[in-house]
Structure formats: structure tokens, C-alpha cells
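Listed next: structures, encoded as C-alpha cells.
Two complexes are shown next, each including chain A; its partner changes from chain B in the first to chain C in the second.
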Partner chain A sequence: MSARWNRRRFGAMLVKETLQILRDPSTFLIAFVLPVVLIFLYGFGVNLDTARTRIALSVQDDGGAAQSLAGAFQHSRWFEVVTTGDLAAMQRDMVAGRVRGIVVIPADFSQHIARGSGGDIQVITDGSSPNTASFVGAYAQGVQSAWAAAYQFDRGRHVVPAIAIDQRFWFNPELASRFFLVPGAIAIVMTMIGTLLTALVIAREWERGTMEAIMATPISMSEFMATKVIPYFVLGLGSMTLCAMLAVFVFGVPFRGSPLALLAISSAFLVPALGQGLFISAATKNQFVASQIALLTAFLPGMMLSGFLFEISSMPRWIRTVTYLVPARYLIPPLQTVFVAGDDWSLFLPDMAAMLGFGLVFFALAVRATRRRIA
Partner chain B sequence: MIAPVARAEGLTKRFAKSGVLALDGVDLAVVPGQMTGLVGPDGAGKTTLIRMLAGLVEPDAGTIEVFGAPAAAADRAQIGYMPQRFGLYEDLTVIENLTLYAELRGLAASERAASFARLLDFTDLQRFQNRRAGQLSGGMKQKLGLACAMVREPRLLLLDEPGVGVDPVSRRELWAMVRTLAGDGVGVLWSTAYLDEAEKCDTVFLLNEGRMLHGGAPGDLLGRVKDRVVRVAVPSADRRQILERVLGHDAVMDGTVQGDALRLLLSTPAAILSPTDFGLPAIVVEPTEPRFEDAFIDMLGGGAKGGSPLARAYRRVPPNDAPAISAAGLTKVFGDFTAARDIGFSVPRGQIFGLLGPNGAGKSTTFKMLCGLLTPSAGTGSVAGFDLRNAKAEARQSLGYMAQKVSLYGDLSVQQNLDFFAGIYGLQGPARREATARVTEIFGLQRYLGVNSGTLPLGYKQRLALACAVMHEPPVLFLDEPTSGVDPIVRREFWSHINGLVEKGVTVLVTTHFMEEAEYCDRIALIYRAEQIATGTPDELKSQAGTPDGSMEDAFIALIEAADRGREAA
Partner chain C sequence: MNTAGFGRILAMIVKELWAVLRDPRARITLIAPPLLQLILFSAAATLEVKNITVGVYNRDGGAASAEFINQLAGSPDVQRLIPLHSAQDVSAAIDDQRVIAVVEFDEGFSRAVAARHTATVQAIFDGRRSNAAQIVSSYFERIAAATGAALRPAARPAGEVIITNWFNPNLDYLWFIMPSLVVTISSLSALSVTVQSVARERELGTFDQLMVSPLRLHEILIGKMTPPLLIGLFNGTLYLIVIPLIYGVPMTGAVGSFYFALIFCQLAIIGIGMFVSALSQTQQQGFLGMFLVTVPMTLLSGFASPVANMPWWLQIVAQANPQMHFMIISEGLFLKAMPFADVLANTWPLIVIAAVTLTAATLQFRSRVE
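== the complex of A and B ==
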């Protein structure tokens, strides 16, 4: 039997794998086109979602204060305001989904303001879509409070607004979403490359019969697996770099940590991602099944249970427990920190250790499942 | 005696998943400097045995040694292995594939230039060095696969059906290459489903349903049928009835149509046939060369006898002077690729018309156009008088179609498949029950009725597929490679059904890559590179090729070589 690890065999397989990556359009799509699409999607999607919500505004008072408040709504960057029609028509519009809420400035509004006795407005929202409803409610109150403060200030009076304005605005969707979504996009791209692409390329070797031919040569299975891991590790880091550059330079996401930390965190995540991909392909040997399993066990949990789209702390307890089994869960917090806050190794190291631990398990499983056997 | 490079004893393997016994106590030896043939129909266990020699499958019982060591621990650098699908990386070029395998097998850098030059020269691939393997033709891929397996001269060369799916010309070239390239020290194991290839080997192992029927020189096997194969000329119009009649004779073990004659295997060399057995006033019985297939059939106990119960139960298709199938100028273009160009023929009622040609030549495309499954880019066709352009549904209803690779629903049981196909051909209620019961009886499907058709043995899958195609008793049958991969006994049975149905007035369009089966056809069109290069009766094609006494394969090769010369001259 020849030596277990042979430089020539290893080099030849690396060259082959690299050529395949360079020539396969699907690899290119996943590694370089997908990140761009994701980043642009989240970058612009965020603006579209929150910048302009369509509401109806019914002003039943023609006093100065009421008109001034109406102006504040119309100039708000959060709302696109419709003022035509009576209240009944507006209600029909809301039921039909043409507007997301109705703000009513009542007939005695200016009088109340002049008397200094408050100045209530009515906000009607559609409770059948709770997120939008609470968004409209909160922002309507925000607009009113800001207006009230400015209005009273202009008149030399200082009032304490009924609602703490800052509290409403710390939930600033534009900035916070980007902070969330950029690390999320990086996690998804690395899951795609590490798990899905790796699982697919090995399953493809089985399907096309090249695995059979390769296994009949002196190559050892550990050499074979290493030549699959290394190129996709490099590809994953390359794609991550592309994502980060786009986020920082095109969308102005802050980057307060060090590139070294970003590299270390991403590398730690690629270990379980690649291990999972190897295990899936070794266990299924079929591209279709491999892609389904990769989607179900890596992509969807990475999307939903990692804290990237949905806050983990607001999940039911048992789901929260499940999230501890999702490697991406340990990636999102350090990534968010490295972008928004800066390097904090005391936070990074435990998460990296957790990811490497998962990686170890997956690689052990993959080695167990990969045998030089066809049946 | 030279020590064998590979040796197996009592190999047994049962697949855990399907429970199929792939190998049952098989012995084998591969001697250096020899061509060892591993012959048998699909599913015989050839691939499993070769994979065991390559150390890729572990036997359940028995010993397997390569270079004197257990196969799993043998020096893989000295084994050349070409799997059925060649093992080439399609997005790497010819030279990159060669380099990869050279490095993996540890070919010394100093020997590389010489080895590559020699292999590229023999395979005639120098011009295509920088072409990606995915863009090579089937024959070129096969040669490259062989070059990769031989890039460092192996001591054991394992070739798993290297001739499958390519045209006879490429098969012969490959055979010659292996013979020349494999030096004295190389043991070659060549697996094949083509029995004629076995005759050329030094040693032959005949495998059927996991059991080794014979191991030794091909002459030993041919010896058992020596002087037992004869040829009898008969009037061409009646040859099918006469064949059925003689097959009823006790002394006749097997018989096939061969042009205007019958080829018969007798039970003993001394058996005497009289003209009355043929229903003819006089006959001339000439001895003829036995073939490997005769010996195979003899070992399996003789071919199908007693005519076709399917044909006996079939309705008589009323006579009609109009052609049952006609095609004129049929052309199909996919993008910039022409799959079939100007195909034209006409088949009268009650005849067998064969489409012959290598894989990818355009046979299936022509077939699908005539079934109405593909719309022709140009040309017209009709089936049972229904034009394909404006009466597709009627045309389809009047034909039974047995697709290549058997289009059954693998997850449905045999009974459910029968009910489904009876239903889509419009059989309802009692008519459907009667039809499914009839074919169940005829094809012996009773014991499989509740079994999912995906798990049937190949021969039964083919029988079920034919059953599904004939339940509605169509006047026209389209059979696309109906006998591909099955053993010669099942093939005889199929042809007995086909011959019987034709006698009832059914018209059959058939494709096959078994050249000797082409002899059953009344007329043949030879399709090569999308063109119809010759059309006529089997004997006409043989004389056109200048090989009137040769086999159909000789004629085929001569005709496509002539077409290639014509192409180069143009």
C-alpha cells in the first residue's frame, strides 16, 4: 500500500477541483452572484418596506394647529398620505388594503391645543396585519409627539410630551435592519457554499460515476475529502469578503471591528458548514436528496433559528433550546458585533469554540460515512 | 501455468437493500497476457464482480485476491479500472483528465511524455487534447476512458462494458486498441453483454443471474454445439410460420430468422429434419458456424417454444392496402443540432420494419416523431392512416408503444400498472378486466401482481412493458429497444410474440442494437449521424455492403464506413 498522504495526488486533485469550480457556472452563481443579489435585496428591501407606508389622513378641523399637524404627517418620511374622500371611504380603502391605517384629527383638536388640554388624535389600524398595525400606530404617535414638542417650543412653551419620543425611535428600522441583515447575508452565503455546494459537488461525483473511478485509484479517502474542503473553504471566505465589501462600501454599513476578527469568525463557521456538507453528500450520494437535506438542515435553520431574521429571545422556550443546535446561531452575534461594535474577543471566542465543536462532530460523522465502498 | 493477477473463489454477494442475490458462489481467474471475457446479460452480476476486483465492493462470502493480496489491500496504482460511465470529468479537457489519472496512479514524471504521446496516438485524440471531455462523442469518451485507465501500464485492467452504447465500428477499434496496448504482463478483464465479443477472448466466463455457467476457452463452449447448428433456406414470405412450426419439433432447441433462411440449433448432431417438418416439398440443410449465443441458449435449456400465446389470443387486424406506417422527409432540429434529417419509409400492414443505428444516431427521435411525442421540424408521417399533424390522438390510440428503458411506474404494483395503461388506452369495466387478466396469464405475471414494478427482474419488467403496450390490441406496435439487456431466452420469447403478432396483421416498427435481431425484420433503415444511409431487406443491405455472406454486423460496419468516406469526400 502506498503512503497515506501523497503530495502529487493531493496536488492533482486540488488542481482538478479548482478547474471545476472555475468552469462550473453554478459555483460562480452561488459564490459571487448570490451574495450580490442578497446584499442588494436587503439593502433596498429595507428602504422600500419602511420608508413609505400609505395611510389616509382625515382632517376634520381647519384650525391652525390641526393644519400644522396635518402638514407634519404629510412631510413625514415614513408615510405616504392620502387625504381625499370622507372617513367612510377611507375605511373602505383600509379594508381593501389600499391604505395601511387612518389618522383622524378631530374637529376640536385646535381648541384643545389652544387651551393646553392635550390634543388627542385617533389612529385606526388594520389588526389583521399586526406588524404593520403597530408600526403605523407607533409612527403616528411619534409624528404627533415630535410635532407637539416643536409646536409648543415655537410658542415659547415647554411641555413634557406624553410619550417618550426616543423610545419610539430607537427602533429605527432603516439602520437596525442593515446591521441585522448584512451578517445574516454573510451567514447564508457561507451556508450555501459550505454546505449546499459541497454536498452537491460530491453527490455529483457519485452520480456521474467519477467517484467510482477515483476510488479505484490509490488516493486515500482523507486526501479526497481534504481536496473537497480546501477549495470551498477558500471560496467561502472569498464570497464573505465580497459581501462585507459591498455592505460597507455600497450600503454604508459601519465596520468597527478588525478584518482579522471577521476572518477568524467566518473561518470558524466554515468548519461546521463544510463538515455538514461532506456528511450529507457521503450519506446520500444523490444531488437531489443532498440539496433537499442541505436546505432543511442548514439553510432554513440558518435563516430562521439563528437570530438573523427572528429574535431568539422572543421564541418559545423549546424552540430557543433547539436554536442551540444550529451552528449559525453562534455566528450571528459575533458577526453583528464585529460590524457594529468592534472587536470583543471575550464574546467571539466562546462562539468560535462552539462552532468548531460542531465542526468536529460533523467531520467525525463524515469520515464514518465516507467509505471506499459502492454498496 | 502463469500465476493469475486476480483470482476469486466462491464469491457471494446479496444486496441488503433489494435482497437480490447478485453473485452466487462465483470462481474466476484473470491471467496476465490474456483477454479474459466476462459475458452475460444485464443484471447477471458482471459489474458487481468487477467492482469487487477493484476493491469497491466487499463480498459476503468467498475470497478475492489481486496480485496475491486481498482486493481491498491491493496496490491500486497497478489496477486500471474503466467503469461503465468512463469516470471522466466532463468539464476537464482531454489532457487534464489524463494528467489527473497519471498523477493519481503515480506515473513517473519521466515517463509521462512517452505515455501520453502513445495513448493520444492510439486513441486518435491528439487533435482534441484541449477539448473538454463533455464535448467528445460517445466513441471518443470511451477511448479517453480507456486511456485514463491505462495511463500507467497496469498489471490488471478492468473494463466494465466498454462496448455498450457505441457503434460497432468503435467497439472493434477499442478491442484492437486494448489488444495492442496491453503488454504481455497485463491481465485484461473485458465485460460485455455482446456474446459475439466473447468469441474473440482467450478465456471466457459466462455469468447468468449471479451464477457462473462456464469458465474456459470459448472453443470449449462452442464445442458443445459443434455440428448442431444448421441453416435452411425457406420462402421469404412464409419464414415466420415455418419457424414457428419447426420450433415445435423435438429435435429443434432454438431457431431464428436469418434473411431468407432459418438458423436452427439441433438437440444432437445426428438429428434429422425432413421437409414435412417445414411443410415444404424439399429442403436443403447446410451446416453453419456455431456462435457463442447458441452455446449459451443450449446451456439454459433451449429457446422459447410453442409459439406465442399472445398472438393466438390477439384479434386479426383486417387487411388494408394503405401503408400502416409512413414517413416522408421527417426532420428534427434542436437548436443548431439536427437529430434526424429527411427520414422517409413506408411499411405495409403486417410487416416488421427495423430502425438500426448506433446510440444517438436519431432512431429514438424518429420514433418519437412518429408517435406524436415530438413535432417534426419538417416532413410528414402517418400511423394507421392517421396524419400526425391533425390526428395525433387517433394515431396514438391505434398504436402500442413500448419505450426504451421501460416507461412503467416503478412505485405502482404490476396490477396497478396494467389497470392504469388499460385505462389510458380507453379500456373500461369488463373489457379492462378481461384484457389485464389475459396478459397476466400470457406473460406469467400472476406471482408478481402485488409487487412494485420497479423491483421486478429486468426480464419481467420488459414483459410487463410489452403487456401494457398490447392490451388494447392496437394495429401498430412501436418497440424501442425491446430486448435491450435481457438474456437470449427472453429475447427469443419476445421475437416469438412479435412474429406471431405480425402474422395476425399487426405492423411493427422496432429499434435494436443487436445486429442479428435485424434479421427478423422484413425491411431495415440504417440511421447514422441523423441520416438514413441505407434501406432495404436484410439480404439487400448485405449485398449493398458487399458482404452477402457475412453477418448483419459486417454489413452495418461496411455501410457506415462507406458513409464516413462519403462525408469526408464531400
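== the complex of A and C ==
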């Protein structure tokens, strides 16, 4: 291997690598089919905005107040009452997962209301889905307090709360979870192309020995790395563009930043992603092991430790420290910002610098691993 | 089946186990990822929002706003309050994600409380993190109610909603995550072993050699199915031991029911893996095909979000997902002491999926030979 760059040689290698990628149908699957599937799933399937939850309602009181509260539950936009009556049957429904909560209006409820001495109701939730359970509890409280205020008001007793909160959600007033999930899906797709696909393809060349054949040619190390990486870089950007178009035009995710900023942020992320893929393939030289390691060190941290699904600030301290080593952590905030908020270079630049820093480290490691392999 | 057939299958199984367990690095990748995922997930996966930073823009300066700020500072979920001094400060703090939310009191806040009107707090949230923002807004509602009660005790006691959480009294998210992980991780390892063992032989051309050997196609397939099934059962057992002992999540159901459902879930997953590898020519195509299947399967399993929240047509698609059925069983057996009748009701779809995918894979392999 010489250290010189030769434009003709470089061009020929680039054409060869590009053709090789374009010829394989699995590349097409990952770069264009997976993004579409992911965006559709995140757009439709992964819905953190709770729809109507199925509950059981047990009214043990014939009084007017109890019946009126029961009506409030039946007409609530948060609940769908699917069973009434027998408590034992309700319990079986909870175990089988047919209902997520049981609301019990006890026998003395109307009496308590009439006397003005409280009037408690009981709500039993299915704790095996903690998220849904806490929604059921909170919404039941909401239904009850709205009902109580209306009931008191009808009887001329007007109680004003001391403090009300006027809530405003900037950037995403309807709180649609797809606004943050879809940019997150872009991060996953770029991780897949940058790290998993690159690691697999190059590990295959090592496995089959074609890598040594290329090494024996006069091509220089930097030329060689560049020809391997540039086609995937372009592929990653292409696939990101497809995702962004789908997100904006099909799922109505706003795009308030500039395309240039999106391009800059994505390019900055692809550098560490590709570097990591190169390094994994050079270090393992085995497709199965490379795919497992790419899954474990790029895909899973990208999903779990990037702040895309789970809030980083809520994690225990040691794992918060670990998140600083995950390049995707620096991608999610600028990506979400460029979609729903707009260009904010004071937020973008430090994150981009961090990603490029990781990229340098990974490429240096990849060069070292490749050199050692040949020697 | 005659004894010669049995001997052939046994030889095939031994060969397959060797093929999977021979490479020390491959051996490690079968054990280390499941354990690492367990540790990572248990620490990282939380839907709680803690240690938040809130901006405070106080133009009031009276007693009522001071009380509210006190309550806010005393909340266990709030880590830090940042005083802000202008509207520009407020938008800058939110834009740069220094705070998740800002509370703002206008000049007349304390006067309104003293005059027995309803005083309004402005709360602004970073909607980019809409889920976290929603949870923080529920914290603020609670703080407003507590502050209101402290400032102006009610004359009449209002009725309360007494909430009891069955199966998981403290709504510990870990109790949900652990039984779900059994499903997603054991599926992932079974799938990758299946795809690897078939796709590798196809790429190297040794699969065709197997096809022309005296082995029948079903014998080859049984041999190929055994290692992933055993590895899936091994990981399932590991989790069954680790989850109650180390993470303290109760296992309230019957262990026999768990294995019954686990075996059929693994067979359904292996069937899908066989079908994917029947369609791919190389290992690379196999892996990527597997990935294309795994991601939607995990997302539609009820792990990332409840299946009930999905549109109806996607709920129908989710019926073909083995992970979704096994997720119901696993949650049920760990936390709810699910009776066998309910387990069975969720297992038969797994049996159907296994039968369909394995038949499809067999037909695909056969058509390649002829």
C-alpha cells in the first residue's frame, strides 16, 4: 500500500464499491424498505397518547348521585366501560387483560354526597402495565373532580379553586408523540446503515479474503477507507431524506428548521456511525459476531440511551455517565429541534462537535485494527 | 419414525449444536448480549421523569407565589430551580433545553389568591419531549392543588378517589420491563441463531450438500430448529431465575405454564427465522431480513406502547406477532398468577403461527431443490 492518492484509481474504486452496494437487494431493503416500515410503525403503531382505556364499572348504589357519576364515567372520552355487574367476573377480566381498571362506586356513596361528608369512590388499576395504570388513576380522578364540581354547581354551591394552571406546550401543542418518535426513527435508520450494514458488508469481505486482495493493490489506506465509506454515507443521507419526507408529508410532522441544518446534523452523525461500523468489521472479521456486536454497541444504546424513548435525566447516575459515550445521544436533541422548533445553532454546534469527535476516535481505531490485521 | 431416521436426526442435532457452539466468540455473543440487555434495560428503561430542572419567572413576589415555589422546590422529582428575569430568558431557557418547563407568575397572583379569586399560574413546557412534558404537567397540577389547599383550606370535605394498584402496588416500571424482556430477548437470540445457521450454510454451499445427503428435509429442519430452541429455553430459564432473585419481581404463576408457552413461542419465532432464511441467499441478506422482521415485531408487541392504543388495522396485523401473544402470557404469569385456561387462550395463536411459518419454510426449501 502506498500513501499517495490517485484520482483515477480512487474514482474506479468508488464506482466498484457503489456498484457492489447497488447490486445487493438486501442493501435496498435496509436503506429504503426498513425506513418506510419504521416511519409507518412510529407514525401509527407506537402511540404513547392513550386512547380510550377499557374499564369495568361497578355501581353498588341506586341513588341519584351514584347514577349521575356512573354516567360521567360512561360518557368520558378517556374510558370505554365494557363490563358492569359482577365483581368476580371483573377480576377475571383484569387477569386476562380484557379490562385495565375497575371503578367501584360503593353502596353508601349517594348518602355521603347528600350529607356533604365526602363520598369516596374506589379505582383498582392493572399494575402489570404501570403506564396505563397511572393514566387510569389520573383520568378517573379527573372524571370524579369534574363531576363533583358540576354537581355542586347545580346545587348552587360554587367552589372556586385557589390556583389554576394555564398550560402551554411549545412546539407541539397537541402533544402528538409522533413529533418526537419520527425524528427518533431517523436516528435508528442511520445507525442501521452506518454501523450495522457497514460492519456486515466489510466483515464479509474479510471472511471471504477479498479484503486482502484489495490490500495487495497499490491503493493507499486513506483512499481505501474513503471508497468504502463514501457510498454508505450517501446511502445514509438518501435514506434520511426519505424518512424526513415521509415524516413531513405523510405524518404531518412540522419541519421548522432548514434542510441545510438537517443535512449538517445527519452528516455529523454518520461520521461516528460509519467509523464504528468499520472498526467492528476490522476487529471481528466475522459476519455473525460483527452483526451481534453492532446490535449491542450501536443499535441498542441508540434506542435506549439516546434519550429518544427514555428520559436521560431520570436514569441512575452511572448510566447517565454511560450515555455520554453514545454518539446518538448528541443526535436526538438537534434532530428534534430542527423538526419541531427551528434552527438553533447554539444547540447544534456543540452536539455536532461531539459527534465528529467520536468519529475521529472510531476512524483512528479502525485504521489501527486494519493495519494490524495485515501485518 | 424408524430407528435409522431417529439416528439421523440425532446426528444432525449434534452437528448443529457443534456448529453453533464451536466458535468461542459466537458462544459469548449468545450469553453476553442477553445479560447485558437485562442490566441496561433495568437501569435505563423508566417512564418516570425525575431530576428535572424548572425555570421560575416570578413577577409577583407575594406570599402565594412564594408558597408555590416552596412546594415546587420540595418536590422529590424536581432537582433544580433556575430563576429567570425576562420573557427572553424564558424562551432561551426552553429553546436550549436547559429547562423542561417554566412556571410564570404575573404581578397580581398573590392579590388574586388573597381576594379569593382563582389565581392563574402560566406553565410553559418543551413540547419536543412531549411525553416527559405531559408527566411534568401532572406534577404541576399536584403542586397547584397542594398549594391551593395550604393557602385556602376547603370548608366541605370533597369525595376522594382511592386508587389501588393490583399486581404491582407501587407501579414499579421494572415489574413490567422484566417480564417483557424475557419475550423480546429470548426471541431475538432464537431468531439470530436460526437465521445464522441456515443462511451461513447456504452462502457456503453446504446446505445443498445436506440436501443431497440421505437426510430428509424434515430431518434437516428439525436438526436446524433444535439449537435455537435450546438456546431460547436456556435464556428463558436464566431469566426465570434472575428476575425474581435479583430484581425482586414476583413470579406468581405456574412455571410449567411458562415453559409450555415459551416452547411454542420459540417455535413460532424459529418458523419465522426459517422462512426468512429460506428467502435469502447470503448471510448478509439473512441478517438484514431478520432485522426487518425483528424491529416491527418488537414495536408491535405491546412493549413500546400498548397494543390497544394502535389503530384497528394494526391490531389485526399484531395478531400475527408471536411476541405480542407471549407478552400477555409472560406479564400474566409473572404478576397476575394467570390460570392455565388464559395461558392456553393466548398460546393457540402461537401454535398456528408456528405451523404456518414452518410449513411455508419447508415448501420454500423444497421448491429450491426441485
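Note that the second predicted complex is superposed on the first by the 280 of 375 C-alpha atoms of A that agree within 3 Å, B and C clash if a C-alpha of one lies under 4 Å from a C-alpha of the other, contacts with A are read in each partner's own complex, and residues count from 1 in each chain.
The rule is simple: a residue touches a chain if its C-beta (ideal position, glycine included) is under 8 Å from a C-beta of that chain, and two chains touch if they have at least 3 such contacts.
Small disclaimer: the values here were computed from a predicted structure and weren't measured.
Colleague: Between chain B (first) and chain C (second), which, if any, makes contact with A:68: first, second, both or neither?
Modeller: neither
Colleague: Regarding the shared-chain residue A:24, is it in contact with chain B (first), chain C (second), both, or neither?
Modeller: Both: A:24 reaches chain B and chain C.
Colleague: Can A:337 be said to touch chain B (first), chain C (second), both, or neither?
Modeller: second
Colleague: What is the contact status of A:288 with respect to chain B (first) and chain C (second): first, second, both, or neither?
Modeller: In the superposition, A:288 contacts chain C only.
Colleague: Where does A:267 make contact in the superposed view: on chain B (first), on chain C (second), on both, or on neither?
Modeller: A:267: touches no partner chain.
Colleague: A:241 in the overlay: touching chain B, chain C, both, or neither? Say first, second, both or neither.
Modeller: After superposition on chain A, A:241 lies in contact with neither partner.
Colleague: Which partner reaches more residues of chain A, chain B or chain C?
Modeller: Chain A has more residues touched by C than by the other partner.
Colleague: Kindly classify A:209 by the partners it touches after superposition: chain B alone (first), chain C alone (second), both, or neither?
Modeller: A:209: touches chain B, not chain C.
Colleague: Across the two complexes, what residues of chain A are contacted by chain B and by chain C?
Modeller: In the superposed arrangement, which is not itself an observed complex, chain A uses residues 24 for both chain B and chain C.
Colleague: List the residues on chain B that touch chain A in their complex, please.
Modeller: Per the touch definition, chain B meets chain A at residues 15, 48, 51, 54-58, 72-73, 75-77, 79, 81-92, 96, 99-101, 103-106, 132, 148, 158.
Colleague: With touch defined as at the start, can you tell me which chain A residues reach chain B in the complex?
Modeller: 1-2, 6, 8-9, 11-13, 15-16, 19-20, 23-24, 208-210, 212-219, 372-375
Colleague: How about chain C: which of its residues touch chain A in the complex?
Modeller: 23, 25-26, 29, 32-33, 36-37, 40-41, 43-53, 64, 68, 79, 94-97, 113, 116-134, 137-138, 140-141, 144-145, 147-149, 151-152, 154, 156-169, 171-173, 175-176, 179, 192, 196, 200, 280, 282-285, 287-289, 291-292, 295-296, 299-300, 304-306, 308-311, 314, 328, 331-332, 335-339, 342, 345
Colleague: What residues of chain A sit close enough to touch chain C in their complex?
Modeller: Against chain C, the touching part of chain A is residues 24-26, 29-30, 33-34, 37-38, 41-42, 44-51, 53-54, 94-97, 100, 109, 112-113, 116-134, 137-138, 140-141, 144-145, 148, 157, 159-173, 175-177, 179-180, 188, 192, 196-197, 200-201, 204, 284, 286-289, 291-293, 295-296, 300-301, 304-305, 309-311, 313-316, 318-319, 333, 336-337, 340-341, 344, 346-347.
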